[in-house]
C-alpha cells in the first residue's frame, strides 16, 4: 500500500516539474488539477478502515482541487484571453533546474531528518518539501496572476502532503476545518483574480505596482 | 503656613489659570501670579531654613505611590521658576496679547501654565517614574510654546529641531532611570552612594541632562529654538528650563556615586562650553540668537563650578560629606549663577522682545539709536548687559567671583585638582572678556548711534505690562548684587541639601567686604556720573553732528555693523565658527552696487550632524526602494525571512 | 460556555447582517454586537471562568490578558462605522458589516484557541474575512492591495500550518500522540523531538510573523492599511496582529517547555529589533500618513517581539503594550481617517495645515502620535519603559541601546510627517474638500474615547489588568 | 581716624601723582628725539583747561556718553585703591580682591567702549571693537600672571600675594606684565597715543568726540591706569616685603620711574605694529606669564 502511495507522490512530483516547465497556462492548470486529485485520493490509501468523514473530506478535496478551482481559473484565463506566461522573472529552464535540484535535495535531506520508521520509507516528506519548493518558485518566478495562484495551490498541496503524516493524530474535525479554510482561501483568491481582471483588464501582475514607496 | 498648603495653593492657582486661560486673559494672569507667589513663598521658607517638606501618599500615580519632597536645593530652582514664571506671564500679557495674536494667545497661556506646573513637578517628584513623566511633559509644553507661530516655516523647523534633540536626551533618561530601577529594584530616588555599581549611569545622565542644559556640543537645538520662540518663552527657556538640566545633573551627582573621571569631564566640558558658546554669541547678528548662545556660555560657567565641587568632594575625602573648602565656594558660585543668569537672561530676553515688538526685526544691523524711543528698555538692557558681562557692581560678578575664588583656592592648594582649575580659570577670564565684547556690541548696536532703518526710527517704548516685569527682574539682580552676603545662607542651605555637611551658613568674610565694595562702587559711580553731568551742563552744551573726523555727511549706514565689530575676535575663532561670506566687490570706474553678506552657521549642526543625517537618509531611501510594489519579490522576502530565521536558529545551537 | 459566546455572538451577528434587509439600519448591528461583546469580555475579565487545560478553546489567562483590548477597540470602530457607512451610502454595506462582525468572532476564537490547528483555522479565517473589508473602496488600488495582502498573507499562513504539522510530528516522534493542544505539547516537554521543534518554531514564527507584520514579511501592511478604510486599518492593526502575537506566545511556551527557550528568544529578539530598525528607516522617508501608520505598526510589532524575548518581565510589558498599542493605534487610525477625508489627499506634498480645517481630529492625531511614541503618561510609555527595564534587568544593555535608538529614529520620522500635515497653512484643495466633511461628534468621540483609555491605562492601570497580565505571564512561564 | 587719614592720603597720592607719568614719558621721547618737548606737567595743564571748557555733544548721544567716562574714572580709581603699596599695604584687602581689581578695569573698558559707540561714528566703533578684542588676550595674560603670583605666594589676596620671587620667574613675569602694560594703556607698539591717523588708533580714536570735563576724566583715568600698572609691575617683581617703609617707598618710586622711562624708550625706539601682528605679541605676553606660572609651580613643588 505504501508503494501505491509512493507512486501517487511520485506522480505529484512529476507534475511539479511539468508545472515548472510548461509555459502554457492550460497545461499548468491541468497539472495542478491532477495533482490535487492525486492528493485527494491519498487518504484512502493511508486509512485502514475508511469512515464516512475521511471519505467526505477526501471527496471534497478531489472535487475542489480537481474540478472547481481549475474551472474557476480557466474561466478567468479565457476572459482575460491569455494563453501563455510571458516574460517570467525566472525562466523555464532555470525554474526546471531549480525544481529538479530541489526535489533531489529534498529526497536527500529527508533521509537526514528524524522520521518514524513507518514514514522513513515513504516519499511523503520529500514530496511535500519538493512541492512547497515548487510552489515558491512559481510564486516568485511567474508574473501572471493565474500562474501564481497555481503556485500557491502547489504550495498548499505540499503542506497537505506533510499533514498526511499526522492523519492518524489530528482529529478529522481539524482536517476538515483546514481543508475548508484552504478551499475558501482559493475561492477568494479566484474572486480577486476575477476582480483584478475586470479592474485592470489584464492578469499581468507587473501592472500591479501602483502601491509603492 | 507650611510649604505643603502653599504648594497646593500654587498648583491650584496654576491649574485655575490653565482653565481660565482659554477665555479670560486677566483671570489667567491673576491666578498664575497668585500661584507663582505662593510657590515663591514656599521656596523662600525652605531657603530661610525651613525643614524639608515631604509628602508620601499611598495614592498611586502610574502604579507608583506618590512621593513629593521639596528640599533647599529644589527650592532654589523653584524660586527661579516662580520669579521668572511670574514675570514672564505679566510680560506675555502685554507681549502676546489676544489683540495681536488671536489664535495663538489662548494656546500660549494654556501651555505656559502647563510648563510651569510640569517644571514644579520635576522639582518636587522623588520617584523616577514621576520625574520622567514631568520631565517629558515640560519638554512637550516647551515645544508647543516655541511653535506658537506654527505657520512660520523657520519657527516650525526650530521647534522640530528642539523636539528631536530633546528626544535624544529623553531616550538617555529612559535608559538611565530604567537601568536604575532595574538595578535598585524600585523607582524611588534618593541617596544611594554606597552602590558603587551605579556609577557608570552618570554618563547617561550627563548626556540626557546636559543636552537639556545646552552643554557643548549638545547645544545644537538651543540657538534656533530660543531665537524663534516668543520672547517670554525664550526668557523662561533660557532662564529656567535649561537650568533644570543642571538640576538633574546636581541630583544625579548628589545621589549616585560618580565615576572618577566625571568631575574632570565636567570641568573640561564646562570650560569648552563657556568659551565656544561666547565665541558663537559674539559672531551672531541676530540679537536673540546672540542671547541664546550666551546662555550656552553661562551653562559652561555653571558646569565649571559644579565640576569643581565634585572634584573637591572627590579628593576631599572618601566620603563625600567633607569636601575641600574651595569646592563649596565653586558650588556656591555655580548655584548663585543659576539664579543670576536666570534673572538677567530673562531681563535681556524681555528687552530683546520689546525691541522686536517695537521694530519687528531681530537683526542688530537694522536697528540703532533706539535709546531715544525706548529709554526704559535701553537702560534696563544696558543694566542686564553689564550684569551678564560679569562686571561689578552687579550680580553676575558676584557669582563669577565665587567660582573664580574656588578655582584660585584649588590652584593655591596645589592639589591634583589644580591641573583642572588652572586652565578653567584662564578660560573663564577669556570668556569674561569675550562676553564684555559681545554685550558692548549688542547693546550699542541696538540702542546707540543713529537708527539704521525706518523701522528703528519709528520704534516706540513698550507697554507697562512689558516694562513692569523687566524692572522687577532688574531689581532682583540689583538686590543680589548689593547684598551678596545675605544670599549666601540660602545658597549654603541648598549646598547642604546637595551634600550633607556642606551647609556652612556663615558667609566667607570677604563676601561682606565685596558687598560693601559693590555698594560703594554703585554709589560712587552714580555720584561721579551725576557730578560730571552737572559739570557739563553748567556751561553751554553745544549739540552738533558727530564730528567723525570732519566727514561732512555721515549717514547711519556708515556706522559699525555687527560683523565689523566682531570681526577681529571672531577671526580668532574662524576655525569653529566657519563663517560663510558672500562678497560682491564694487567694479569698474562707476561701480553700481556692492554687497557683503556674512552668516555664521551652527557649525556642529551643519558641519557634523548634517552629513550624518544625510547618510541615514540615504539608507532610508535604499530601504524604501525595497517596497517597490512587485509581489513576486515580496514573497521572496518571506522566503528570505524564513531562511534568515533558520540560519539564526541553526547558528543558535539548534539541530 | 460563556467564553464560546464571545465567538458565537459576533458570528450570529454576521449571519443576521447578511440577511438584514436595510442598508441604512444595518450598520447599527455593529455597535450593538460590540457593546454586548465588550460587556461579555469585561465580565469574563473580572470573573475569569474555570477552564480545562486540555480544552481546545478557553478564555485562559492569556486570552483574558489580551482579548478585552481587542473588544474595546472593536466597539470604538463599530461606533465610528455607523456615521462612516452613513457617508459611504453609495455602496452596499451588507458584505462589509457581515465580514466585520465575522472578523470579530474569529478574532475571539483565535485568542482563545489552545489547539494549534484551531488557532490556525481562526487566523486564516480572519485573513480571509478581512478581504472584503480591505477592498471596500472598490478602487483598482484597493484590489491591488487586497491581492498582495492575500498572497503574502496566504503564503505566511501556509508556512504556519506547515509549522503546526511539524510540531505535531515532533510530538509523534517523541512518542506523543501528536495532539496539537498547547497544553499536551508543553506537557511532553523535553521529549519533543528537538530538530522538529526548532523547524516548527522557525516556520511558525515566520508564518505568524507575516500576520503580525514583522520585517521582512511586513510588505503587505502599508498597502492594506493604506487602501482600507480607517476602521478596518484600526481593527487589522489592533486585532489581527494581536492574534498572531498571542499565537507566537503560545508556540514559544511549547518551545520553551521543550528546552529551546533560549534559541526562541534569540530569534524573537533578532527579528524584533530588525523590524524596529526597518520601520524606523521607512518612517524617516515616507510621505503618506496612512502608510506611516502601517510602518509604525510594524515598529510596534517589533517592540512586542523584543518584549516577548526578554523573559517574564518583558512578556508582562509586552502584554501591557498590546493594550496601549491597540487603543492608541485605533485613535490614530480613526483621526487619520477624518483628516484623510477632509483633506482629500494622503501625502505631505498635498496636505498641510489641517489644524485649521479639522482642529479636533488634528489635535487627536498629534496627541495619538505623541502617545504612540511613548509620551507619558499614555500607556505605551510605561510598557516601553518596562521593556527597557526588562532589558537592563536581563543584563542586555546592548538590546536596550538598540531598542531606544530605533525609538529615537521612529520619533524623528513620525514627528516630521505629522507636523508637516497638521501645521502650516491649509491647501486650497483641502479647504474645498474640508467643507464637505464636517467634524461631527460621531467621528470625534470614538478616537477620543480610545485616547482616554490609553491615558487611563497609563495613569492608573486598573488592578484587574495588572493581575490579568501577571496571570498570563504565570501561564507562559510555569514555575516547576 | 588714622585709617581715614591714610585713606585720604592714598587717594590724593593717586590723583595727584598719576598725571606725572605721561609727562615723563613724553619728556623721555623728546629727549631721545633730541627735542625739548612739552613740560612734564603738561597733562596737569591740559586737565585744568579741559575742566574749564564747555562740552560739545553729538546730536546722537545719550546721557551714557557722559556717564561712561565718569564710571570708568571711578572704576579705575577704585582699582588703584585696591592695590597695596609695598609695606604700607592696601586701603582694604580681602580674599579675592585681585579679581575685583581686574574686573574693575574691565568695567572701565566697558564704559569707555560704550561711550565711544554712543556717537555712531565708524571710527569710534572701530576703536571700541579693537579695544574690546585685544583686551581678550590681555585679560588671559593678566589672569595667568595673577595665577602665577597666587601659586607662588599661596594666597589669593593682593596684600600677601605681591611678595615676588627673584629669578627666572620674576623676569618672565616682568616681561609679560610689561607687554600687558603697553597693550592695556594703548602704548606703542600696540597703539600710538599721539598719531593723527585715526585709522591706526585704538584708544585715542574712541574718544574723538569727547570734549571738556568728560575728556578730562578720561585722560586722568588713563593716567591712573598707567600708574596702576606700573606699580603692579614693580611690586610683582621687586621684593619690597623686607624693606623699611621709607626704603620701600623709595624703591617703589624708583621702580615706577624706571618702568615709565622704559615705556618712553620703547615708544621712541620701536614703531607701531601692524594690527594683524598685535595678537601675536599679546599671545607672547600670555605665554611669558604662563611660563612664569609654571616656574612658580615648580618652585613651590621643590
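Descriptive notes on the structure:
Each chain carries a letter (A, B, C and D) given by its place in the written order, and its residues are counted from 1.
Just so we're on the same page, a residue touches a chain if its C-beta (ideal position, glycine included) is under 8 Å from a C-beta of that chain, and two chains touch if they have at least 3 such contacts.
These numbers come from a predicted model, not from an experiment.
With respect to chain C, maximal separation of chain centres occurs for D (centres as means of Cα atoms).
The two chains most heavily joined by C-beta contacts are B-D.
Between the Cα centres of chain C and chain D there is a gap of 78 Å.
Per-chain Cα centroids separate chain A from chain C by 31 Å. Rounded to whole angstrom, the centroid-to-centroid distance between chain B and chain C, based on C-alpha atoms, equals 43 Å. Here the spacing of chain A and chain B, counted between their Cα centres, is 69 Å. Under the contact definition stated at the top, the residues of chain A that touch 2 or more other chains are 139, 148, 205, 208, 210-211, 213.
Contact with two or more other chains is made by no residue of chain D. Touching of two or more other chains is recorded for residues 624, 627, 629, 631, 635 of chain B.
Chain pairs that touch, as defined above: A-B, A-C, B-C, B-D. For chain D in complex with chain B, the residues that touch the partner chain are 51, 53-64, 66-67, 69-71, 73-75, 78, 92, 94-97, 99-100, 102-104, 106-107, 109-110, 113-114, 117-123, 125-126, 128-130, 132-136, 138-140, 142-144, 147, 150-151, 154-157, 198, 208-209, 212-214, 217, 279, 293, 297, 300-301. Those residues of chain B that touch chain C in the complex are listed here as 60-63, 129, 132-133, 136-137, 140, 147, 150-151, 153, 156, 159-160, 163-164, 167-168, 171, 174-175, 177-179, 181-183, 616-617, 619-621, 623-624, 627, 629, 631, 634-635, 637-638, 640-642, 644-646, 648-649, 652-655. Interface of chain C with chain A (complex): residues 115, 117-118, 120-121, 124-125, 127-128, 131, 135, 140-141, 143-148, 150-151, 154-155, 158, 161-162, 165-166, 168-169, 171-173, 177-180, 193, 195-196, 222-223, 226-227, 282, 285-286, 291. Chain B makes touch with chain D in their complex at residues 368-369, 371-372, 378, 382, 386, 389-392, 397, 401, 404-405, 408-409, 411-412, 414, 422, 425-426, 428-430, 432-434, 436-437, 440-441, 443-445, 447-450, 508-510, 513-514, 517, 520-521, 524-525, 528-529, 531-533, 535-536, 539-549, 554, 556, 558-560, 564-569, 572. Of all residues in chain C, only 147-148, 151-152, 155-156, 159, 194-195, 198, 201-203, 205-206, 209-210, 214-217, 219-220, 222-223, 260, 262-263, 266-267, 270-271, 278, 281-282, 284-286, 353, 355, 370, 374-377, 381-382, 384-385, 388-393, 397, 400-401, 404-405, 407-409, 411-412, 415-416, 419, 423-425, 458-461, 466 touch chain B in the complex they form.
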